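Two complexes follow with chain A in common, the first pairing it with chain B and the second with chain C.
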Partner chain A sequence: MGTRRRARRGRVIFEVFRQERAGQAFQHAGSFVAPGPEFAEAYAREFYGRRGESEALWVVPRDEIAEIGEFVDELHRNYHRVDGYSLREKLGRARERAGTATSAG
Partner chain B sequence: MTTKPRTEQEFLDHVQAGGLVESGDWMPDEYRARLVKFIEMHGNSELMGVLPEREWILRAPTLQRKLALTAKVQDEAGHAQLIYRVVEDLGKPREQCLADLVSGTSKFHNVFHYPTKSWGDVGVIAWLVDAAAIISQKALLKCSYAPYARIMKKICWEESFHILHGRDVVLTMMLGTDEQRALVQEALTRWWGPLMQFHGNPISADDDPTYQWRIKSQANEDARQQFLDGYVPQIWELGLIVPDPKLRQREDGVWEYSEPDWDELKHVVTGHGPMTEERLGFRRTTREETAWVRDVVLAEAA
Partner chain C sequence: MAERVNEQELLLQLADDELVVGWRDSEWTGIAPFLEEDVALSSIAQNEIGHARAAYELLADDADALAFDRTPGDYVCAPLVELRLVPDWARTIARRVLYEAADELRLEQLMASADDAVAGLAAKIEREEAYHRMHAHMWAERLASEPRYQEAVEELFPYALGVLEPGLRPALADRIGLAEVEAVERGVHVDEWPALWQEMTEVRRSVPGAAW
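Presenting the complex of A and B:
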């Protein structure tokens, strides 16, 4: 909470996430600048709720959001992915060995 | 997992293949500059667009209309704030946008430089100007700059209410007295020229840099044809006369019309419209008069 936050106050960018219907995932809806949380709530209600178009809103200071955008896979860990499992070729051979292979397969 | 473009050519290939760009991504300077100019003008237009209608809030014929018009003005001001936020994230502060707007450095759409002479104009603006605008804005749902495309969903949704409101105003007047019907016809006659200029000169998409960067996703003439296709039949069915003797739809569906006055368009958007000075002056004055509110709010929050 130190000086960094105080210096920023007065002009905070808030990101708004909107849930359109109960049970749905929240989706990013937009952002606005507000002097603090009280204004942020009022603005959020006006911008994203005045026509009853939202079930609920999440209003978050942008600086509090940690964004992660690079996913480097240096070790090529394909066992986490579908392409790590090539069943088709093995299944073909297994069927042949079991004598259940069809002519098309 | 896709590799992000690192050079101008890679970037161009990326957007032309339908790729999207986020605010933190690397982008060529020209792309950023064109985005800022384009989006800022859109924001300016939303903000200036409330002034022609604001003039009629106090003169609206019923309480319901007064409330609906006020709500429309609130919507448009909200759009301006959303759009200026996108510009801010691209590097140009909102304060600078507003300063450039009132000094006449930046532009806003041609239709907001004209007077609102009667309640008929209010109906025609909300119906047809918003209809023309929603065609451009729907195309922006496909803009390569994703943060801009995303806010367009909310904007288009709200604009659809404005068209309803405008059409309702026009229909009500067309069901009224001869004087009321005449007011609508006069307004349509006044607004037809600016409406036909609204989507810009018929520059081909290949020559339009905003299309090349996929900021826009359709050519100007496509937008105008879509407007004519959607709305001329609706105008005609009310017995209104479109003031263009050459207007007709060919067998192949293409609309023919008299050449819009491109000199007028250029003259108006460069700050020489009939209401440009007055409306910018109003913006300037209110900006000064409300400065204390911003000071108090920001001081209290600090």
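Presenting the complex of A and C:
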């Protein structure tokens, strides 16, 4: 929390997530400051909705979002990570052994 | 008392009101109390001018000519919208609240018009005004206990009554919660009007027929 920007007294920072088309995932669109939830709704409509660019919006006070930003990996155990192995290379070798290699690899 | 006017005249009143209130609210662009409000109010101002244009288009083939080529005395806007309120935020919000309340009553009347084009335009405008009212109400609630805001509402209330025909005024008094008083009628312009007219029509007067 320490490094997060804080709003001035009486104001709240809201984060806006925007869904562009029905069924799509919501994506972060931006943030703004408002004196309270009613103002936030009005501003969100003005800034992210009035041109018909959104199917729906999520408007969330920034302080209500749990931010997790530190990930301990002291021993660099890269085998915990999916990018620890190159599946593409392994598959290629296996195909060579089986004699089914394709030009696309 | 103002006499009953026909629908064309009502539509011209609406168009002039929307044009001028939009112009006045846009005077806050860049200097509103905080950035978000600056953007929101500017956007509302832009909407109002858009409503004016749509109404002028129903009334004339050349909307710009109707909007900008008249003499100051030919405009039929209400004194409420002509007042220059920058930099007084309390009075600006009071005008927004009063104007939107009056405009809602007027639009209800126009939506019942026998003329489909008029009724349709009124319904379109009303759908956008709903968000303007939401903006006005949240500010009204926020400022409800501020004496400056209350004084501004009382000061501007007679002007707001003048936006409407006499028949609709009791409904406005009811919505605002004040007793009906003598209205500041259309037809007489406020002292700040000529300067605003000068500014609004400057381009058209320097380049006749200019379009943008």
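Methods note: the second predicted complex is superposed on the first by the 63 of 105 C-alpha atoms of A that agree within 3 Å, B and C clash if a C-alpha of one lies under 4 Å from a C-alpha of the other, contacts with A are read in each partner's own complex, and residues count from 1 in each chain.
Everything that follows uses one rule, which is that contacts are C-beta pairs under 8 Å (C-beta built on N, C-alpha and C of every residue); 3 or more make two chains touch, one makes a residue touch a chain.
Because the structure is a prediction, the values reported are computed rather than measured.
Trainee: Given the touch rule stated above, what does A:V59 touch, chain B (first), chain C (second), both, or neither?
Mentor: Neither chain B nor chain C is touched by A:V59.
Trainee: Check the residue A:A29 against both partner chains and state whether it touches chain B (first), chain C (second), both, or neither.
Mentor: first
Trainee: Quick check on the superposed pair: does A:F39 touch chain B, chain C, both, or neither? Answer first, second, both or neither.
Mentor: It touches chain B and chain C both.
Trainee: Between chain B and chain C, which one contacts more residues of chain A in the superposed model?
Mentor: When the residues of chain A touched by each partner are counted, B comes out ahead.
Trainee: Which partner chains sit in contact with A:G10 here, chain B, chain C, both or neither? Use first/second/both/neither.
Mentor: Once the two structures are laid over each other on A, A:G10 reaches chain B alone.
Trainee: So, does A:F47 touch the first partner chain B, the second partner chain C, both, or neither?
Mentor: After superposition on chain A, A:F47 lies in contact with both partners, chain B and chain C.
Trainee: So in the superposed three-chain picture, is A:G69 touching just chain B, just chain C, both, or none of them (first/second/both/neither)?
Mentor: Only chain B is touched by A:G69; chain C is not.
Trainee: Residues of chain A that sit at the chain B interface in one complex and at the chain C interface in the other, please.
Mentor: 11, 32-33, 35-36, 39, 46-47
Trainee: Considering only the defined contacts, which chain B positions touch chain A in the complex?
Mentor: Of all residues in chain B, those touching chain A are 1, 24, 74, 78, 81-82, 85, 88-89, 94, 150-151, 154, 157, 297-302.
Trainee: In the complex formed with chain C, which residues of chain A make contact?
Mentor: 11, 32-36, 38-39, 41-43, 45-47, 50
Trainee: Across the complex, what residues on chain A touch chain B?
Mentor: Listed in rising order, the residues are 6, 9-11, 13, 28-33, 35-36, 39, 46-48, 53, 67, 69, 71, 73.
Trainee: Hey, which residues of chain C end up touching chain A in the complex?
Mentor: Touch list, chain C to chain A: 34-36, 39-40, 43, 131, 134-135, 138, 141-142.
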